[in-house]
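I'd like to ask some things about the structure below.
Naming follows writing order (A, B, C and D), and every chain is counted from residue 1.
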Amino acid sequence: MSTPAVNFSEREFVIVQVSRLLEAKCIYWVGGGGEPLASVLLAKRTRVPELQYLTEDGVVAPEALVPFDPLMTMVASRANYRALQWGTMNYAADIAHLGYVDYGILNTLQVDRYGNINSTVVGKYEGGEGRRFGGPGGADSIAALAWRTILITDQHKRKFVEKVDFISSPGFVDGPGARQKRGLAAGGGPWRVYSPWAMFGYGQDCQLMLQAVAPYVTVDQVLDEMSFKPKMAKKIAPLEPPTEEELLILRTQIDVGGQVTDRGRWIELKDGKYRFAE
Amino acid sequence: MLIREEGKGEYFKVDPDGFRAFVRENKPRATVSKLMSEREAVEKFVRDGDYLAYDCNYFQRGPSSLMREVIRQRKKRLWVCGKFTYVACALLVEAGCADRVDIGFIGFGPWISRAVREGRCKFFEYSNAIMTLRLKAGAMGVPFLPARSFGATSGFEYSGCKLVTDPYTDQPILLVPALNPDVSLIHVHQADEYGNARVFGTGIAHQECALASKRVILSTEEIISTDEIRRDPGRNSIPHFVVDAVVHAPFGAYPGTVQGYYASDPEGIIEAMGAMFRGDFRDYLQKHVYSIGSHAECLEKLVGAQKLADVRRRETIREGYGI
Amino acid sequence: MLIREEGKGEYFKVDPDGFRAFVRENKPRATVSKLMSEREAVEKFVRDGDYLAYDCNYFQRGPSSLMREVIRQRKKRLWVCGKFTYVACALLVEAGCADRVDIGFIGFGPWISRAVREGRCKFFEYSNAIMTLRLKAGAMGVPFLPARSFGATSGFEYSGCKLVTDPYTDQPILLVPALNPDVSLIHVHQADEYGNARVFGTGIAHQECALASKRVILSTEEIISTDEIRRDPGRNSIPHFVVDAVVHAPFGAYPGTVQGYYASDPEGIIEAMGAMFRGDFRDYLQKHVYSIGSHAECLEKLVGAQKLADVRRRETIREGYGI
Amino acid sequence: MSTPAVNFSEREFVIVQVSRLLEAKCIYWVGGGGEPLASVLLAKRTRVPELQYLTEDGVVAPEALVPFDPLMTMVASRANYRALQWGTMNYAADIAHLGYVDYGILNTLQVDRYGNINSTVVGKYEGGEGRRFGGPGGADSIAALAWRTILITDQHKRKFVEKVDFISSPGFVDGPGARQKRGLAAGGGPWRVYSPWAMFGYGQDCQLMLQAVAPYVTVDQVLDEMSFKPKMAKKIAPLEPPTEEELLILRTQIDVGGQVTDRGRWIELKDGKYRFAE
């Protein structure tokens, strides 16, 4: 029942990785759409049907009817189907303030050594010279209020930077204790960063630490696609490839149109090894 | 309760006493019919220079037909509450209606940097939940509310928030300034002619937005009787006395969805998103706004009966939507 | 944001971080059945020395059967949230269960002054809305909320409130300390076995109370399926993960009313009010609490099928109560 | 259609007076039961059926089904019947904070020169020596947040005092400007005090001013039942007696059991004059 896949995209890989972390005994606050929501929906359809999540519009533990129409991941009937409760954005924030959100799952434009998230501007903020993006959306609340955050991004030098150009949503800011000094609750903060090539955690010093890599890249390749050198775990583990079963569900039930997964490079299993397809 | 740090962003004036005085003088308490056309509602209640909020967005149970009317009437110098939104702020800025936006999340693209560089629009930084919390403060009639997020961001520096010492725990805590928009646009499932209204499904901040605003324009899918409103008072989230205009606008959220009533129109959404990513709304505005006189005409000429039937048919879920 | 004046009343500790840590360690997120008897629920979740809140009161959709169980188990040194209440606080103090009460409104009589003189109970002064605002602060996970009332009262001096300078308007404004009770008792119309719950009609602060409390005991008129809960999510105001125990208690508000389900029993109310005005609850407690083993026995032996049918029959209004 | 009544109680008199003030174009927040609610219900059944009021449990503009069971004036189906909205206590407070409540109608134990209200203790607060009552309930919010308050109390020396023993709910505190200094909103405050014998208003100096008296008492009788001398209006007007029509509705529809009205003395019309019945 668990056949390693022979062909998958980078996005599919990362969605599968995150989906495997998710547990029935936790509550997740999921960023609006994209890989975070796909991970959750995949986990619900593979291992943990009872998985509970919130989104920004205050939906509590829906049994979403996939697939969705484009962008219809919130305030939409299929996304919110058969929820335990329908609330509002302030209600979702209340639940998170109270400590009920175990994990937040987010994607981002840029992340830095301390796990700070930039979704506002690449380049200089003032004067409109940088390239401007849409702002934190719900991510600031998730990053501040969930006990742990799981971040998803791509493996590129411009995405893993020493210091983000703008902190849209907080990681550990600039080190231990910094969150509380700026008014955030005790505890909480970044926990994992997933890219299609690697998985990172954080040490006691609140700094990003490489912990595992995908079977189709080397540690050096990962480090080459970072603007800074992260801390390294004592042992770098391998990430397990997706299974055919996981991909089938992802492709046929969740991301049918390929809106989320059909980006990035493709990987194939050839001669017993995973490598980028040509 | 010392102020430790303050954002340097300009923010819309916090004035709970001014709001109360406005309510006392201007808001009709009596149950009088407020039914009017979208043209009349926007002419009467949206003014150049207003702070304008809308609930949800152009794609999700938002007041899309009212937004098009605001643009059609070429309102100017609006300051917009840009939370949880894809194209609405881009439309308002690019059409020359808005020159300030408080950001939670807005659909991005080349238009933003261009608007900043050309001095056509200023952006102030918040997050979605911080903006709805600002509306909640406004809806509670208090000048601020505390929160335990946002303090550790760069956005804080460009906002109207303050970091103070909590007199109860002696720890730093964020305060957000109350937001009481001059006018808000809210699209609902059902309302009576006085403005008593129901929203089904999840929401962003419809009740907060309605209570916090000096003037409120509702558009509604259905006009129902006050008798029906009184039959299930637990379903009603907006009371008539905060409402100034009720516009009967079936498919008022088009091209967006209204949960339980109709699905979104993917084509219409892709058309708007495409304009935004290209950074050029001229054709979109010409076709969907300026060349059309009203929402009814939009449905008749641009959308058509076939598509309307289609978006209704595709909304198969009825459970929980009071129908 | 200077502190201008502070009440000198002792107040229950404000500790949002402690609450979060408690939730993280102790509140089960998984959907596990929490059905249990009132005895087990009160044994497990009400502890001597707890701060206890209840929603509504002994006469109006309150957790009357749970209150009787708290007294039956002779809990001690409770600190009680005494808002919008007629006899509940009197019962708890006179039965020796409570020794501190935060007052919004409590049923009065000779018992209060006697309890103060004898040192059996301390009272702290607030108002009904200020107490529900304290619960709202607790339910929002913040240490305080501002309000524009209460500052000009004598009660302020005997409260935990503070008058500070608002950094946005430079005017004086009141802050109320968040209240996060150790335990709350809430009676609802419908709940599933996990604690997802519905309340129909008006309310005092059931949602705030549920979210703000470390431990929550629900009693419910009806147990419904989770399937039914999911069919109309807009009706649900309490999510399962804040709930620790679900007690199936038909007529759990007796002698009080549950809107839409049954009327109050005027005889039962007069009996309790009479005891309070006489200042002697001994007979009342003996008859209704100590000589009875459970709520089921109370209904069977003291109330009887005839009266239960009668209070149901007299509740003729069904509209809006989801039935 | 408007026959002066020949026989009524002091309570009936005061309820009728207050009911006559009420208008369709205003919103009232009504204290929980007693004379305030009876006045509102009477106004709805005589002159202004469209009258809108709130109570503390967040009910908006109900069409209450009278009579009620004892104490069942809130969180009860007949009291909340066919409302425009069902809310909660915090919701009622929000509406009032925003300035939508034109008038609050309250009763009280004690009132003083500046319109401050005591419902907490008669005598010394500390040590439990005074006679203790139930606290402000919802009255503090009403007195602070309504634009104007209408207070109902009995005409007794111990009820009209120079300075209340305890301010449970604020009047003008100690004079002009005092409310704002203590954090209350601008404007607002006491407007009328009704006893079964008299009607008072307030001058610019925020002090109680006798404005009208009932037809069965003299100004001196009123002043004798006050612990302080109020300001006097230039002309003391007479209060009009209830009509038979008003009393019929009050007695047969609203206060059928006499729980509210059957206290105080009775007044009769004899030889063309109103006087206390023996």
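Definition applied: contacts are C-beta pairs under 8 Å (C-beta built on N, C-alpha and C of every residue); 3 or more make two chains touch, one makes a residue touch a chain.
Remember, it's a predicted structure, so these values are computed and weren't measured experimentally.
Trainee: Between chain pairs A-B and B-D, which one is joined by a greater number of C-beta pairs in contact?
Mentor: By number of C-beta pairs in contact, A-B is the larger.
Trainee: Report, in whole Å, the distance between the mean C-alpha point of subunit A and the mean C-alpha point of subunit B.
Mentor: Each chain reduced to its C-alpha mean, subunit A and subunit B end up 29 Å apart.
Trainee: Could you state the distance in Å from the CA-based centre of subunit A to that of subunit C?
Mentor: Spacing between the chain centres: roughly 41 Å.
Trainee: Centroid from C-alpha atoms only, then distance subunit A to subunit D, rounded to Å. What do you get?
Mentor: Once rounded, the distance between the two centres reads 60 Å.
Trainee: Two-or-more-chain contact residues of subunit D, please, as numbers and ranges.
Mentor: Correct list: 59, 80, 82-83, 86, 93, 97, 185.
Trainee: Two or more other chains touching the same residue: where does that happen in subunit B?
Mentor: 16-17, 141-142, 147-148, 171, 173, 201, 231, 233-234, 319-320
Trainee: Would you identify the shape of the chain contact graph, picking one of line, ring, star, complete or other?
Mentor: Contact map by chain: other.
Trainee: Using the touch rule from the top of the page, what pairs of chains touch, sorted by label?
Mentor: Pairs flagged as touching, ordered by label: A-B, A-C, B-C, B-D, C-D.
Trainee: What does subunit D use to touch subunit C in their complex?
Mentor: Touching subunit C: residues 56-59, 65, 69-72, 74-78, 80-83, 86-90, 92-93, 97, 120, 125, 127-141, 143-145, 166-170, 173, 178-185 of subunit D.
Trainee: Once bound in the complex, which stretches of subunit D touch subunit B?
Mentor: Going through subunit D, the ones touching subunit B are 24-27, 50, 52, 59-61, 63, 80, 82-86, 93-100, 102, 147, 185-187.
Trainee: Going by the contact rule at the top, pick out the subunit B residues touching subunit A in the complex.
Mentor: Where subunit B meets subunit A, its residues are 56, 59-61, 82, 84, 86, 103-108, 112-117, 125-130, 132-133, 136, 147-156, 158, 163, 171-174, 201-208, 257, 259-260, 263-264, 266, 269-270, 273, 315, 317, 319-321.
Trainee: In the complex of these two chains, what residues of subunit C are touching subunit B?
Mentor: Subunit C reaches subunit B through residues 1-3, 14-17, 141-148, 162, 164, 166-169, 171, 173, 175, 177-178, 200-201, 231-235, 319-320, 322.
Trainee: Where on subunit B does subunit D make contact in their complex?
Mentor: Touching subunit D from subunit B are residues 16-17, 19-24, 27-31, 139-142, 196, 211, 226, 229-231, 233-234, 236-237, 239-242.
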